[in-house]
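Several structures are given next for inspection.
Consider the two complexes below, in which subunit A is the common component and subunit B and subunit C are the respective partners.
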Partner chain A sequence: MASKTMAAPPTGLAAKWRRWRFHLSALLLVLPLAYLPRYFDDLALSRGEKGLGQREIGQLAVGPWQVRLAEWRVEPPLPEGEAGHMKTFTLGLCADCISQVKAAYVRVGKPRSLRTAGALFSGSPYRLMASVPIPQRAGADAQLWLTLEGWDGALHQAAIPLAQASPVTQAWLARQN
Partner chain B sequence: MRKTGRTILRLSAALVLLGAAVPVHAHHPTARCQQQDAQTIVCRGGFSDGGGAAGVVMDVISYDEKILISGKLDDKSTFAFKKPQGDFYVLMDAGAGHVVEIDHTEIK
Partner chain C sequence: MVSSVSAAAADANGLSPSREADEAISALGRPAGKKKRSRSKLWFLVHSWLALPVWIFVFFVCLTGTIATVSQEIVWLADPAVRANPPAQDAPLLGYDALYEAVQREHPGSALQFISRPVKSQFALTVRVTYPDATSASLYVNPYTGHIQGQSSSFDFRQFMRALHGWLLMPFTNGFNFGWYAVAFLGFPMLASLVTGLVVYKRFWRGYLRPKLRLRQGARVFWGDFHRLAGIWSVPFIAIISITAIWFFVMAVLFDNHIALEDEGPPLIVAREDVPRVQAGQRPPLISLDRAARIAHETFPDLEPSFVSLPSNAFDYYVVGGRGAYPLMFETVSINPYNGAVEETHRVSDHSAVEIFTDSMRPLHTGDFAGVPLKLVYFFFGVLLTMMVFSGMMIWTKRTVKETAAAIKRPRRTRGAVPARPSAAAAEGHALRGRHG
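On to the complex of A and B.
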């Protein structure tokens, strides 16, 4: 009768679970360490220590203005629900252009007008950012068009092949079509 | 019984914490148009976070950049218009850099 009132030591599965849940909790503490390099990479990228973006595309002349363009992350466009797939580019204006450029836009394909010039770059003029919708029907010869608007109303455009601006995006497009 | 109660409490606390991590949704404009009948085209606009876009400007523009029809999304975020002659595109204009362009060839 007395043995009934004492808690019997767990046996079989219960014992194993008891032992392993300790190891499991230790594992849960250690797992986040695997993400530390990525965390520090992200910090360095957003601080600008890794340059304009993960992959600098190079210098471009947009009319009289020199700009630097970069892929923010070397990754295929990210799905944004109804809005389709988005790709983020970063833009750095030359020191002399900063006071002259009012706005910078980017899109895939030649804009029909200023209203359709595409995504508006925002942020510091040293690192402007814009998320561009990448149309899934865009072909292998698709081009990325930059439109810069000056405070004096001047409009200047430049285009570069998407394959050059983002090979990852071009490869993604090839898989879509 | 007390042990089950505690387990339930722990599990629900974990669920509450997980639920508190709200996913971030970007705010891109979206629009789709379809042909309702031979004469009428209906467009529905919105934002990618699922919100409507009532009051946002919708323009129907010809290829030579003339505004053929100008309107706004109604309370239900829709805009209906009579199909114009010739080539055109529909522009949802939620402000600079926040536009969606739909070519007439994409409207089925």
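On to the complex of A and C.
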């Protein structure tokens, strides 16, 4: 069989296959081409050219301070090992608050004290980021709690329904339960 | 059996010198030699098959990696804003505080996050800032005047080449992406190619003493000579690149499976009681950037501070870092921004052997730890490696084409003697040639 193949050289498709099979890995180069738009999209997001995040949730009053909250990416929480499933939110402080607010925290469910206020927002005061664990057993009425702490020690809180803060997270929770 | 096949194949190829065919036939009577030869044939087949099926991909990765090595220098050539031209011969470099003020003067309201002073003095400083509209930018700042000369555009060539080379531009949504794995995996066949190449190239050390690059004997001979010559001179480079790439692969596997080689412990934060409490409407003063740099210098006199990272929240530190005596790793000092206390230091001596090994992998791969001359060395060997992938493929196709032509010409003679794949015959022909240098 093998010798026959050689004796009568392959023609048509078979010959093409023999000749071109070693160049097939060029198909992998479709990947960078396909991901090119997404690459620049992500770059624009990280440079803040798309705003605070992919989906702005809106303005919130936390005590005397006005903040803007956004979903960094419109996507369900991502599994991060033992930490559980994490969801990233971004926060922008109003111009006047920057010098007054010492720290901002976020968590799902009402914190009992400052020690359990949740994930600490970090980054530039114009765009702070925090990854908050989303408990898989959180109910449909789960709320996202923001805690802001002033340099003088003052604490202020605000809550919004998780369904409003991140509809995809709410949908993801519904699938978990 | 194997010898008779190879003899017939060499004959059928019509390209092996008859001396080799004779050798192959006479090997029939020498069982030891036969065994040795079939083993080297096997090694040759392995060597060929390691890269050939994916050669375009390997070529692409080598080419983009080579460009990525000097991408910073390409940007330097293309964009005058990233150059650091001193206004006068003996102009002093500005301190961090003066830089901070200069940036604030030109871009009021910007929030500084990071100042980096490139090891190469011909480059402008990079200052990362965020603006009130939540946009951020990397500014190129003249180290002598503090003038903002420009900023990285939305198309950052350096970042783009790195992303194209390292992960095919694919997004990192959850852990390492397919692109990263696909590229890093090539470290395995590359290292195996290096080893099998040296096994197949008998007495390769003679190539160092008597380099051979025949230009006028056809493409096949030229590419063959080139492949061997470039190969032996690139042994350390290929070893470095492939081993570091394998580490990138292993690192991704460890990360995605949440396996930590070293227990990093909880992240360092400023103790709550160390953060001063002040009256409403005020904020506690931070120590100046220059003072932070001075404290770092006093802590480690031989540390050349090349970057300062500003606190990203109320419990974060100034991190001042630079390269010390061991050039492959950054040494850092974490300084309490309220009272100047040194809270943590990361010296090479503070690291375990495992950490020193793993942290050295990236600079070894990119060659960005000793200025432009080393980058040019990396670039040169990168070009050679890229050409080796190409020449390997050329050797293969030239031989296969000739051999197919021969097979067409003399179908009767070769009937029943030629192995199933033309490639195998070609490999054997080459194994014989390789044996004779």
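In the analysis below, the second predicted complex is superposed on the first by the 156 of 177 C-alpha atoms of A that agree within 3 Å, B and C clash if a C-alpha of one lies under 4 Å from a C-alpha of the other, contacts with A are read in each partner's own complex, and residues count from 1 in each chain.
Just so we're on the same page, a residue touches a chain if its C-beta (ideal position, glycine included) is under 8 Å from a C-beta of that chain, and two chains touch if they have at least 3 such contacts.
This is a predicted model, so every value here is computed, not measured.
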Practice item. Overlay done on subunit A, so just call it for subunit B and subunit C: clash or fit. Key: clash
Check your understanding: Taking the superposition as given, does A:131 touch the first partner, subunit B, the second, subunit C, both, or neither?
Key -> first
Point to revise | Partner chain(s) touched by A:171 [first = subunit B, second = subunit C, both, neither] | key: neither
Review point. Taking the superposition as given, does A:140 touch the first partner, subunit B, the second, subunit C, both, or neither?
Key: neither
Check your understanding: Touching A:82, do we find subunit B (first), subunit C (second), both, or neither?
Key -> both
Review point. For A:74, is the partner it touches subunit B (first), subunit C (second), both, or none of the two (neither)?
Key: neither
Practice item. Give one of first, second, both or neither to describe whether A:118 is in contact with subunit B, with subunit C, with both, or with none. Key: first
Practice item. Figure out whether A:61 sits in contact with subunit B (first) or subunit C (second), or with both, or with neither. Key: neither
Review point. After superposition on the shared chain, which partner residues are touched by A:152: those of subunit B (first), subunit C (second), both, or neither?
Key: second
Review point. So, A:14: does it touch subunit B (first), subunit C (second), both, or neither?
Key: neither
Check your understanding: Who contacts more of subunit A, subunit B or subunit C?
Key -> C
Review point. Hey, what residues of subunit A end up touching subunit B and subunit C alike?
Key: 81-82, 103, 120-122
Review point. Which residues of subunit B touch subunit A in the complex?
Key: 25-26, 28-30, 32, 46-50, 61, 63, 65, 89, 91, 93, 96-99, 101
Practice item. Flag every residue of subunit A that touches subunit B in the complex, lowest number first. Key: 80-84, 86, 103, 105, 112-113, 115-122, 130-131, 133
Review point. Any idea which subunit C residues touch subunit A in the complex?
Key: 52-58, 60, 111, 113, 130-137, 154-156, 159-160, 163-164, 168-171, 173-174, 178-179, 182, 258, 275, 277-284, 312-316, 393, 396-397, 404, 407-408, 411-412, 414-420, 422
Practice item. Within their complex, state which residues of subunit A touch subunit C. Key: 1-3, 5-9, 18, 21-26, 28-29, 31-32, 35-36, 38-40, 42-44, 46-49, 51-52, 75, 78-79, 81-82, 90, 92, 95, 99-100, 102-103, 120-128, 150-154
